[in-house]
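The structure appears below as structure tokens.
Order of writing sets the chain letters: A, B, C and D. Residues in each chain are counted from 1.
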Amino acid sequence: MINESKSVLTVGDIEVSKWLNAAEGFELPSNKVVAIHAFQMLCPGCVMHGIPQAQKLHASFSEEHVAVIGLHTVFEHHDAMTEVALKAFLYEFRVGFPVGIDVPLGDGIPKTMQRFQMQGTPSWLIFDRKGNLQIHVFGQLEDITLGAEVARLALEGMPSDIPLHKKLR
Amino acid sequence: MINESKSVLTVGDIEVSKWLNAAEGFELPSNKVVAIHAFQMLCPGCVMHGIPQAQKLHASFSEEHVAVIGLHTVFEHHDAMTEVALKAFLYEFRVGFPVGIDVPLGDGIPKTMQRFQMQGTPSWLIFDRKGNLQIHVFGQLEDITLGAEVARLALEGMPSDIPLHKKLR
Amino acid sequence: MINESKSVLTVGDIEVSKWLNAAEGFELPSNKVVAIHAFQMLCPGCVMHGIPQAQKLHASFSEEHVAVIGLHTVFEHHDAMTEVALKAFLYEFRVGFPVGIDVPLGDGIPKTMQRFQMQGTPSWLIFDRKGNLQIHVFGQLEDITLGAEVARLALEGMPSDIPLHKKLR
Amino acid sequence: MINESKSVLTVGDIEVSKWLNAAEGFELPSNKVVAIHAFQMLCPGCVMHGIPQAQKLHASFSEEHVAVIGLHTVFEHHDAMTEVALKAFLYEFRVGFPVGIDVPLGDGIPKTMQRFQMQGTPSWLIFDRKGNLQIHVFGQLEDITLGAEVARLALEGMPSDIPLHKKLR
């Protein structure tokens, strides 16, 4: 289900306790599309489908126009999905984009996950160039649809021939 | 390799000897994106990857904005890939979109395939709303990239919130 | 559903009008396991799953002990699935094992398909070293189970260390 | 590469610090084939291919004749792949067969992994009914070959019609 949210949630509402795969002082970019993949490292749907899809998105779109970002939203098995475990996961599964750790609230649902009322993992939160949440999906999304929606947001208010892709194939 | 063709080839240059899966008098639409999948029914890359991808594209995008069309470009095994065989193939593989038979030229490369200088099958020819060829790809194309490029062409000169998809997931 | 047939059907009951991918005068072997994959070249389950599985079986087991054979049992679209079309299919899909054409009976179910009361395609008919039908399956079969059953029949009455495989991996 | 080991290594050489998914006092069975899948919970080849294959093997073969067992051989990222993390992994990925934790030796290669000179994960160690190591494979193995080799060992010295499978399809 897609919730074309009319709320005022923005990319600034993404709050993390730490960034991995990112330089010191990293902040979520503005003036480009931000596609956030919320996942848990021990969720089979994330490992088998969501993370590979995020990697394809990252490999496909130009970073000048689209930022692909992971968000580790641990709401179960907190003692298994620790920061050290996440680091090993990102290394072994060759995840190259920045990943934030959602702010833990004890053994419950973490802060950003609550704020965005996510229903579980994997979820996609996609923000337009102004930083407004435009797409919120829980569960699987077809690659063709994801590509189309990210392109739509990236092209909004831009010349139609901007170079969207790193490579076309 | 994608050839962002600057030629004057248009959707009007697609010539077929017959349309299948189409009403009497069918013509290629104008004022919408036309995505043409050139294939052969006995080409493994077409059967395993290209045709399923065309079916996903057809299932995903609204027919108001994007027409997905097959083009049977037989350049080998002419006595195997006949019209009657193609009809059986389309029925068994549940291909629901219109499919044109490229105009045969004896045992050689058929007419439209020659005109567009296609290198083989599968190929994608994608035309913008004005009917101009914008994308010409031979071989496999990632779903994410195909979705993005079709969306880009469908959105050109249109409000950014037109309903691109039949369904979002 | 597997029918562990107790009938007297034997490998000698396989009757074809012609062998392809085989030398002049080819006959089904005796004294080894014969695994017959009955298929139609325009049946999606055969093209997508059955034929690749038969190719894996052929690549895995030693021909000294196991013969993998195709049987083209055309019971629909007779004018599409002709001998010339089958030859093109075998060439394009790189099917290297012998394939027999089941004896046509007009536009109906062909002779061997009738004799073995096959329910459709794909079907596996697997005969033991004495030539007796031991396994008859319609539809998909797991690779693990197919490998186990072919091994069981190949090992019957033989030393347990015969070289079953062309290669172990 | 398969190492048809002639060593005297037996199922008794498998040593673990703890069994999960198993009753108190669990011991590796004798008088049946024991197929041990050595894995790490953060090894992509294990998660994507090895564990699903072990689950298919477990679902296919009768437990009367074949025991499928996991062995968690942590030789890297020790602080990520802890017992609590492994428990969460087994729960989320629905691994139902017993899994032993290889005896840790500090931050190095664990005890059983060393004893069997495993080259990495995933690895298969398959023991015959007498408990002798017969097959040792590092890396991917085709389902057809795995099924054949497990059947061969299960049938050794047994009537050829023992019920190998839980279900035939």
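Heads up, the rule we're going with is that a residue touches a chain if its C-beta (ideal position, glycine included) is under 8 Å from a C-beta of that chain, and two chains touch if they have at least 3 such contacts.
Bear in mind that the values here come from a model prediction, so they are computed numbers and not experimental data.
Novice: When I count C-beta pairs in contact, which pair ends up with more: A-D or A-B?
Specialist: So, comparing the two chain pairs, more contacts are at A-B.
Novice: Suppose each chain is reduced to the average of its Cα coordinates; what separation in Å results between chain A and chain C?
Specialist: Spacing between the chain centres: roughly 48 Å.
Novice: Using the average of all C-alpha atoms in each chain as its centre, how far is it in Å between chain A and chain B?
Specialist: Spacing between the chain centres: roughly 33 Å.
Novice: Please compute the C-alpha centroid of chain A, do the same for chain D, then give the distance between them in whole Å.
Specialist: 36
Novice: Using the touch rule from the top of the page, what residues of chain B touch 2 or more other chains?
Specialist: None at all.
Novice: Assign the assembly's chain-to-chain touch graph to one of these shapes: line, ring, star, complete, other.
Specialist: ring
Novice: Inside the complex, what are the residues of chain A that reach chain D?
Specialist: Per the touch definition, chain A meets chain D at residues 42-44, 47-48, 76-77, 79-82, 84-85, 87-89, 91-93.
Novice: Note which residues of chain D are touching chain C in the complex, please.
Specialist: Within the complex, chain D contacts chain C at residues 1-2, 56-57, 60-61, 137, 139-152, 155-157, 160, 164-165, 168-169.
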